[in-house]
């Protein structure tokens, strides 16, 4: 008695176009599915100062450990990569998608589509992706924006780092202790020092 | 890498004879291992009234749903079997073992061995197993007491109640509803009526 | 109790939360990661609790409560919902004060601390634990109108502990040692005999369930696990094991846990739990709420091995179909089954029947009563019947 | 954190509780069965909790806490201890208000309530869930001195739910539908792309974990389960699945969860969790407390299948022995291992290494860094080294 493949269970109901429209907020890289709306960097700046700067800083530099939103060019191959929309993100669509769905943090999905395009335009502007503060970013134009790190990604090519043989005895491996978490000393309950974070 | 059979793990330590003596309270049917002590039905009666009757009743008849400790002869094959030490228990050893380890309920292992023998003797006496109220029940004599239902038990002979074939279609079984839990009406949250209990 | 059914679901939906609207939780932040160092179920699952039957026993310290098996999904029972059966209440003891003693016919009587026990190589196994008295109130007729009460003296968790064999290897069982006696450290001092073969086969001294240390009510810090055998033998708060050359005939294996037959004779040492199954939805707590396709969901198990097949009937046992058994199907472990049935408002008599890998077939109550009468109390593994009436309500009924 | 080790055990034993004395719990009654309708762990296990690292994130609502894997036994994680990772906090929502929408390249866009979801035939499977960032703070060197922090973004439970395939069968995926996007209903609206093949293979829409409904922090009432794949994709409080013909490149699969290599290029769509293992005792929280025989205990897993072998070394990887793998060993599920080692007060370098049934071998950190550099954040599955010093204390160290 296996599961019947393709069996209709007569459960659930049709989603109306209105219902889908309320929740279908995602944007594809080429702009497919983008919410109808538009905005300019200049419009975005004002909204950013009012609704975003408290966490991300007036210049997108990030307050405390909140994310940095600008800069980081030419850092990806360095010891201290700074990953921002300008330095890292391959598609502009991701910005408007994310800002609309998740920001401002704690008041998600309260922006209008126009505000989301304006904020996206502003962030692209401060990251030198757009150079005209009156550029109209919209559902029509978002798919055409070219991001600096568009070609910075490769498809997963794991598994990697595999040994040639599985050595079981007298393996030639270094066994000198070269680092100790105790000395780094950032484990909670130990003291208040902060370590290298994930963000 | 299976478990090494018989491997000594060098864990744990010797139990001293004193330590074992403090916890080794069990009694075998023939009296082996019985705690050293003695008591008579007459002695037991007084202790029973003081420490046991509040739950089991002055005559062992059981208060509320606390266990009945006497009677029940010739009821085992009836519709309402009453299982007591007199009617059911195969060995007297079980009584002294249990009373010492578990009674009085809420003050277990506070009786002396002498008290436990006296109480056992008293319960055997009210169940007509002993007929002399000055009989000295002790670790020496407990194994020799013969209980009325000694031969009332058979070894597990399951599996039982098996059908000759596993019928899958058009099986000849009665499907008339002859009993309904709703009508018995003792399910909690329904009302306060009590049903047929396990005790 | 039927009235509690699906309490969480029954509430009216809040229209402002439904599409096309974005509900409040789509806008505003929920709890942070510091809020619940040890989590708990949703407030909307507050009805999923163990319940006891007050009239059943004189005192709650020597009593039982029941697992809400109709609210479970999968075969693991969460620790907080594992039914409890105590004979002197559930003590909460400091593991630093805990000792296990092994004495009797051994080369070296020994004492182990919990530190010792935790240093032996562990094993982890999923096993059901069923009280021999599960369904014991149903021998004479349909009595309790809820599967939590008729079948809820069962749970199933992953136990971790030391094989009892490994501990016996430390003390050295003497050649004449053939029986063991396990004794609880609680105020009931529960003691039970079992043969050495079981100890050497699959018995475990378990300290953990479902990944964490045993709960106090399940024997913290150490209990005996005798896979497939009646729960009463799985001594909790175990303090001592004695090796002997004969069984003890303790109170729990004479006065209790012997199975009285019609002729007045009683079976003793009825250790194995016979194969059994029950439909946990629909059931009295889970009425049928819609016409059309419905799922029959249930649990099956066998103390002798693996569940091989489960059959379900919607006509009181006249016709049967095979239920699905989603893997993994593990030995001496609860096994889920499910099957579809279409309902159009007619009266239906639901039953399930398990066959295990020894070929044992779950019997009807009539077949069981024919051999055992109605006074056995223990080991009622009869096929259960639920009547679905025309409004979709479900009742515990007896057929005849 | 080493100081918390074995808190419960460290307390002095009460001599009046030890044999030959009968302890208080052998005399007096414990709690009755009405005391805890939903149980909880022993008061002596209060140290077994999830912990977070305050400096790691700006806010606890977009943060993580860690499973105390050094306190676990067996491969099941109790629900109360499953690590949490939220991006907008954990909302507690009424399942009556919950809806799942399926739209996009489907024959029939549909909406399902939880009542609908619960009426599909269920499956139940044990799977680990590991955050791709587990051990992410250790790329550049040994940083956190506790296995709860280095390896605790993992848990393993029995999920029950509906195969995603069954739901897709209801809506009918159009021929050009090849990609899916799952979207959370919480305030982060987390969205991730995954290929249709995974949906048809083993993806589950799960409503229960370890027998009971999901905890709020784990996505109550419904989450996506993508066995073997990184935890971020297992969208919680899932509100919508869209079928498309290309991936979305959402923020969580571009800005985050891409793995930056030394040359500045980043891998994307790194879904599978490579095989990994770690010793959970001894570890910084569980020092070696005695000379003589000790157990090495640990956990191993693979996102590609079953654990085949685990090797342990006490000399930093020069010599290895096979560890025991107590059954059952299930695919894409945590697997316990254990092995003995004798300790006489010398310094010891403990390591474990897993090989899965695809032949994949857990690499050294040097081998991993050679391919990936130190900026990847995600997918650090390197062999972990614990240094046991002459007093038995254990430290997280890096060898070179």
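The first chain written gets the first letter, and so on, giving A, B, C and D; residue counts start at 1 in each chain.
Basically, a residue touches a chain if its C-beta (ideal position, glycine included) is under 8 Å from a C-beta of that chain, and two chains touch if they have at least 3 such contacts.
Here the structure is a predicted model, which means the values were calculated and not measured.
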| item | value |
| --- | --- |
| Most distant chain from subunit C, judged by the mean position of its C-alpha atoms | A |
| Between subunit D and subunit C, distance of the C-alpha-averaged centres to the nearest whole Å | 28 |
| Centre-of-Cα separation between subunit C and subunit A, whole angstrom | 48 |
| Distance from the mean Cα position of subunit D to that of subunit A, given in whole angstrom | 23 |
| Distance between chain centroids, defined by C-alpha means - subunit A, subunit B (Å) | 69 |
| For subunit C, residues that touch 2 or more chains besides their own | 19, 26-29, 51-52, 59, 61, 88, 101, 111, 119-121, 187, 189, 239, 293, 324 |
| Two or more partner chains touched - positions in subunit B | 3, 9, 11, 15, 19-20, 23, 105-106, 108-109 |
| Pairs of chains in contact (touch as defined earlier), listed by label | A-C, A-D, B-C, B-D, C-D |
| Complex contact set, residues of subunit A against subunit C | 1-3, 9-11, 15, 18-23, 105-110 |
| Of all residues in subunit A, those that touch subunit D in their complex | 3, 5-9, 11-15, 19-20, 23-29, 55, 63-66, 76-77, 79, 81, 83, 85, 88-91, 93-94, 97-98, 101-102, 105-106, 108-109, 152-163, 166-171, 173-182, 184, 186-190, 192-199 |
| Subunit A-facing residues of subunit C, complex | 19-22, 26-29, 292-293, 321-324, 339 |
| Subunit D to subunit C touching residues, read off their complex | 8-14, 17-19, 23, 25-45, 48-52, 59-61, 63-65, 71-82, 84-86, 88-97, 99, 101, 111, 113-115, 119-124, 126, 157-160, 185-187, 189, 207-208, 210-217, 220-221, 237, 239, 289-290, 293-295, 297, 324, 326-328, 330, 336, 338, 340 |
| Of subunit D, residues touching subunit A in the complex | 1, 3-4, 51-59, 61-62, 87-88, 101-103, 108-113, 116-117, 119-121, 133, 136-137, 140-146, 149, 163, 166, 169-170, 181, 183, 187-189, 191, 239-240, 242, 244, 246, 248-251, 254-255, 258, 260, 262-272, 274, 284, 311, 315-320, 349, 355, 360-361, 363-364, 366-368, 370-372, 374-375, 377, 379, 387, 395-400 |
